[in-house]
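Following are the structures in question.
Presented sequentially are two complexes of chain A, the first with chain B as partner and the second with chain C.
== the complex of A and B ==
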């Protein structure tokens, strides 16, 4: 029973942080039709901003503010310099962002070295919850990821800005002719997606092995999640993340990490095969 | 106009002639290096065929390369006890095995409503990732270390000293590359190639002309897989080992960079992309250290953004086959998005 509760909590914390990464991906894809292969490296930069903050002797919590701001800036610059030139060439966005991911990862290796960094756990004391002893920092991760996700959903579905974004997703030309500045929305959406990934990286850093390869480990499940869930609706992402996250956590605790990765991939292939648009599609 | 039209032909012939002449003056080490680049060049051509011709971006081309390498290694190391250990059998198996794998993967991903370009790219990337970590854990194929001590290419026709010398190995590899090049060029300039290019330009429209586009895509993917597998076999025989690193994401994305930098739509350009990037790498990587990959990545982004045709794409473009040149041929050879002029079917005028 305790094992099940622990497993449930693990699943929840993994899925919620995966949700943060996937939300950024799916918003960028939905609005701008850009497959952002550099998203894993945005996550990586977020995690390394914790390392930087630690080296400056600042408390960990400062990183939670520094990381999203830094990543939003990175996103703005990259969008302005590179991404906007390849909007109309769909496949080339994959290549360009892939190139960006190589550059960012290499910059991290040059700046911080190829080895993994140790990060002090800011909340070392475990707590007792539902009869199990659980690391309190993981609870914090869940809370933070949940709060940011809900805020994103609120902006997307309840605010004027979200209405404008959804308008552009539905019909870009029409939205532009109604006076929406789609150029500016693209720019800020990309920055916002990058900031989400950066925040996720900063939040996850203390419980992960922070090394230059960590981005890919999150990118692939995030991609599988959005393909499983479908890209036309944000709730599709929630469903996809839930499926991928729970399968991955449960199998890796019962068997090996390898078995979990293979199982998740096969599950995703089967679902994509049966529902090529994802599980949740927009009704037309 | 004659000059620019035949520039590509002249340069292509010159490149092949130059490659053949290299062992006459280069030392043994450079020749063996070049042999490896040519092997990677075959891999690059396989990607260029599926990507440049059919418009399918495959992020997992090394799956087939590595599979070919492993099959070659397993055969010549006589791990398949019932199969014997001849190199010919190894090369054959290393070509057919990956072709079958590509066929199955293609069937799985293209049939029915199928996956669109970007999703296909991501699924193949994930597949490469999975295959790599699986290969690390299979003891039969050597786990993390891979297969070591794979015998080099042998001359079965010669008695006694039957190991090929460096130059002979180079010529075997180069001849393979040339034959594959000519075969793919033949396909590209045949009616089959026209259909494949039509699929690249507009899948739905081609389907509505009555072509079964799925079958064509699976066929092209199978051919591409066979090429990559054969290259993998040559690679294993030259290096003497094969490890999980050559079956995974790293090599898959590397070959993508070579092809994008060289020029995705023109076989020869993709081939030269490898030689260029690898040669520059061997000069600069020790001097630049970690900055090499940074430079390469930046250069890659730059090529994608400002020069989608690649460095050599425009230079090495070949003129259209005679039968396809029409009254509007002048327009067809203008620099454009359509290097093989396949947006028009032969009888469209």
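== the complex of A and C ==
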């Protein structure tokens, strides 16, 4: 029974973490159609902002504010210099953002060195929950992921700003003809996606090995989740991370990490083969 | 209201779809711009909206030069645009489509006013329905009201009757004439459908090869003497 509760909590924790990491991608890849190969590095920069905050002797929690602001600025600069030239050139976005990812990763190595950094766990005391002992920081991650996801979905699917952003993405020329400043909206949408990736990096840093290669670890399952769930509806991503997250956690606890990866890829291949647009699509 | 002089515009650098195009529209007037396909009518509207680069001449709205402005800047100066093919947002509901007509106007409240649903009653009935699920005529009505909620001074309509059942074309004609009369809205209508033009327009401009070839303000005379229609519209 305790094993089942532990496994359930692990599954929920991994799925929610994956959701948190996927959110920025949902916006940049799902809504803006930019295959952002640098998304892992945005996440990485977010994690390293925790290292920087720690070096400045500031409390960990400051990084949760510093990281999204820093990444929004990075996003604004990259959008202005590079990304805006490759919108609607779907394949070119891969090359451009891959280049960005290499540069960002090397900058981190120059700044912080190639080795792994240790981050102090800000909530070291475990808690008792449903009869099992569970790390309290993981519960914090789950709460943060849930809150940020709800806020993001609310902005994009319930607010006027979100409607305008989706309108610009759906039909740029028409949105402009209705008086919307499309350049400004592109810029800020991209920056918002980058800020979410940075926030995710800062939130996840204390439970991960913070090194220059960490960006890739969550990037692949995040892309898979979005493709499996579909991007045209908000529940698509939730379903996607649920499927990928639970498959991965359950199989790795019963068998090996390798078996879990094989299962996740098989699942993704089958689903994408049968539902190329993802499981949840809008009726046309 | 709108004064266009010697405008040169085209899609690629150096191409001159419009080559020294001049015309004007007076306040409160309904003007029809007619001509065969490929004569530059749509290009002119796009140049006016800032979607096609203007390489020469001047476009002025109420005395202010608008040539070279970005589309959103033109829109915010009071130009409503109903493009060819309607271009509604198919995944958005009727209400959300109308809201899109307001979100780009910071000076207007971001709430669809009740009168917007009264212009064409079908929009009220379908307000929660997806725009893409409606018929062509209903989508056209939606596109027109979406432009009107932004309270334009000048409304540009690009072939609003294209592919629409005649009774809806007639309804659109009546409604727009009434709004123009009651509220002083200025309308520039690009059309090939003479029924709508004869029912609405106060002046007709016939366009050929990127310039105005013939102009008349005796629109009803075109019913009895359709020679210009044959000359400039028949294929």
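Quick note on the criterion: the second predicted complex is superposed on the first by the 281 of 284 C-alpha atoms of A that agree within 3 Å, B and C clash if a C-alpha of one lies under 4 Å from a C-alpha of the other, contacts with A are read in each partner's own complex, and residues count from 1 in each chain.
By definition in this document, contacts are C-beta pairs under 8 Å (C-beta built on N, C-alpha and C of every residue); 3 or more make two chains touch, one makes a residue touch a chain.
The structure displayed is predicted, hence computed values, not measured ones.
**Q** Would you mind checking whether chain B and chain C clash or fit side by side on chain A after the superposition?
**A** fit
**Q** Please work out whether A:132 is in contact with chain B alone, chain C alone, both, or neither, and reply first, second, both or neither.
**A** In the superposed model, A:132 contacts neither chain B nor chain C.
**Q** For A:223, decide between first (touching chain B), second (touching chain C), both and neither.
**A** First partner only.
**Q** Counting only touches as set out at the top, which of chain B and chain C does A:160 meet: first, second, both, neither?
**A** second
**Q** Looking at A:100 after the superposition, I want to know if it touches chain B, chain C, both of them or none. Which is it: first, second, both, neither?
**A** first
**Q** For the superposed arrangement, I'd like the angle with vertex at the C-alpha centre of chain A and ends at chain B and chain C, nearest 10 degrees.
**A** Once the two structures are overlaid, it is 90 degrees.
**Q** With both complexes superposed on chain A, which partner does A:89 reach: first (chain B), second (chain C), both or neither?
**A** Touch partner of A:89: chain B, not chain C.
**Q** Looking at A:170 after the superposition, I want to know if it touches chain B, chain C, both of them or none. Which is it: first, second, both, neither?
**A** second
**Q** Between chain B and chain C, which makes contact with more of the residues in chain A?
**A** For chain A, the partner with the higher number of touched residues is B.
**Q** So, does A:180 touch the first partner chain B, the second partner chain C, both, or neither?
**A** In the superposition, A:180 touches chain C alone.
**Q** Using only C-alpha atoms, work out how near chain B sits to chain C after the chain A superposition, in angstrom.
**A** For chain B and chain C in the superposition, the minimum C-alpha gap reads 15 Å.
**Q** Residue numbers of chain B touching chain A in their complex, please.
**A** Residue positions touching the partner: 55, 57, 108, 112-115, 117-119, 121-123, 125-127, 129-130, 133-134, 137, 249, 253, 256-257, 260, 290-291, 293-294, 296-298, 300-301, 304-306, 308.
**Q** Mind pulling up the chain A residues that touch chain C in the complex?
**A** So the residues of chain A touching chain C come out as 160, 163-164, 166-167, 170-171, 173-182, 232, 282, 284.
**Q** Sort out for me which residues of chain C touch chain A in the complex.
**A** 49-51, 70-72, 75-76, 81, 83, 87, 89, 91-92, 96, 99-101, 103-105, 110, 132, 146-147, 150
**Q** How about chain A: which of its residues touch chain B in the complex?
**A** For chain A paired with chain B, touching residues are 35, 82, 85-86, 89-92, 94-96, 98-100, 102-103, 106-107, 109-110, 216, 220, 223-224, 227, 258, 261-262, 265, 268-269, 272-273, 276.
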